[in-house]
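Just so it is clear, A, B and C label the chains in written order, and each chain counts residues from 1 on its own.
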């Protein structure tokens, strides 16, 4: 209280250099995975395709909810847009595999007008509005006979392929989508933009007062999430070879995304990965129990939300301070409470 | 004339939607919470009524006397044990938790009751109608449901405006902290509000079960319609909810007159239009 | 800090912004958990009591910024005070006696009342609980001096009936005028205590701003 303090210099460093072990390990895993079609039967790679679809959805949903604070119950609309884009393009002669990135772009573009309509809404308003948009689009698609109407449509463009080749190509496309999604999200969050997002998540008013452009940041995240869901939808139609409006626009997809997020944890890059793994295992092992699998998973999700709000990865992080995908910062120098350094 | 008849049917349908929506509106107005399992609880009530009727062979309206108080108790418990706990964590958590609850209820009903469509026997009510003119007839069931919606809304308004507990509910809704320092047990009061809301959900579920057929997955659609009614009419205003329900009902029935499958979509479009143009609804009583 | 108050006594807490005065009152009302220490009312330990039970026990807060309920009419705001069901002399009739202008406005919303009128309603609302201990948080905030004067002029009436009043004030003059004992807070600690009549202005100033003692000060 008496003497003036000597000026303190503050240094900011990234929290752990991008873990080189993760990068090397990741590349190795990717290489092993890419070789799988030569090694295992198609049912294994099919399983992995479904896993990656879920992972893509969960990662992008986590971006929306965990970083932009937007709980959407309507991402399935972009799954549908992605799938139907592939259908239409393939009907016009495009290779379905090449159509996958285009489907992602289409879904991203489609999300822009929706964002203009919905992004000023908050909380429950936003959530249910996104759901209604998905329902409305689904109902509209049902009424378009050229898209298959109520019975659904088949993907024709892959008819000429040898099944093994087709499945391998599908699998590799899925690997590409999954890798791009996870790495892309990680890089996004590690960037300056990611810092803005964390600021918005933690304290929107405070973020605005230091100049973070809230609405455009949220819009960017919403479009990225839409594109991701579009890619997932494209993978879906390519792997299933048909699409049905009622099921692809169903809110069941949002249920999956939410459950994964609640189990694995929202707000980290690792959370959705862990959550997808566990959810997938539960889904596969309980698949023959019919409705029980959703009762069990749903109950687990509810319990997790209330007692372990940061999800399982949150528990791991709290205990071991592990970050495979470090996105935070360390503050050195101006420490007001010397007892613990601060990391975001 | 066909259009006038359709519009009138839409108005009456609005009564059913208002019955669904007033519980949602009450909870949102008081706690700023949307229970995403709202529709599923209504469907649960319909199945409960079915079970009561199967067990005791009473007319369906007696089943209401069983369902409503039971649901009031259920509502108090769900509020204090689940929703309050989620609210303490964050408002988004309540969305996620109630969503999870919705899935659990749907699938539990699927396990217990099977996916087959069921219906509550309404006896004379389903077939009888009031003939107003050559082309205009008002079904007794629809009239009863509309009348019930009005009675319920009036009762809720009177509860809020005239009773001491109602006053405590409104005070807690305005400012939880200050209310608590004046002796209001906010958690208990929220529980009472939820109990009332759940009682209306039970009524809505039974009404719905008599009005149309239902199956375990019918909940989410009811939630969407209820929410649309609340938003169109204005969050937090009970009479606005009635107006919103009526507008939604009219949009849907007129839409299905245009084309058989267009009804629900027409309702969605009206909802989205209101969101875009008048986000506070038509009769806002407090800011969203 | 150690703080005590008795029936019929008005104790004032003064201090600069951030000194912790409001936090103290809110903790007494039950809105904050003390990290350490206890609170007793009539010998009963109420440290763990939630706010609504404290109101029933007889401690009520008139919050900083009035915080009337905007959806409720003036009379309904007052009636919320009957929630704890405590017996005592205060009821609607007596409040309308104390503040005659309220009777005419009883069915109106409080949103358009002036600051002073809102403060009066907030006090009336608290009095309706028939408290043993009245906590007044920054009564003078945003109000003209004459209005503040008139509000504080009521205090002797409340004290005479056996109420204890603990008030927090930015306006040091008023605080010294109406209270029987004053404490000065700085950064969560009491730096000066005493009867207003016995305190020297210089000491009060020193304690308020945390300046070093200047000759013969009390500590």
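To be clear about the criterion, contacts are C-beta pairs under 8 Å (C-beta built on N, C-alpha and C of every residue); 3 or more make two chains touch, one makes a residue touch a chain.
These numbers were taken from a predicted model, which means no experiment stands behind them.
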item: Distance in touch steps, counted as few as possible, from chain A out to chain C; value: 2
item: Geometric centre: closest chain by C-alpha means; value: B
item: Pair of chains joined by more contacts [C-beta pairs], A-B or B-C; value: A-B
item: Centroid distance [mean C-alpha coordinates] between chain C and chain A, Å; value: 53
item: CA centroid of chain B to CA centroid of chain C, Å; value: 44
item: Interchain centroid distance [CA atoms averaged], chain A/chain B, Å; value: 33
item: Junction residues of chain C - those touching two or more other chains; value: none
item: In the complex, chain C residues that touch chain B; value: 29-31, 50-52, 54-56, 60-61, 63, 67, 69-72, 76, 79-85, 125-126, 129
item: Residues of chain B defined as touching chain A within the complex; value: 28, 32-34, 36, 82, 85-86, 89-93, 95-97, 99-101, 103-104, 106-108, 110-111, 220, 223-224, 227-228, 231, 261-262, 264-265, 268-269, 271-272, 275-276, 279, 288
item: Residues of chain A that touch chain B when the two form their complex; value: 65, 69, 71, 73, 117-118, 120-125, 127-129, 131-133, 135-136, 139-140, 142-143, 251, 254-255, 258-259, 261-262, 290-292, 294-295, 298-299, 301-302, 305-306, 309
item: Complex contacts: residues of chain B adjacent to chain C; value: 164, 167-168, 170-171, 173-175, 177-186, 286
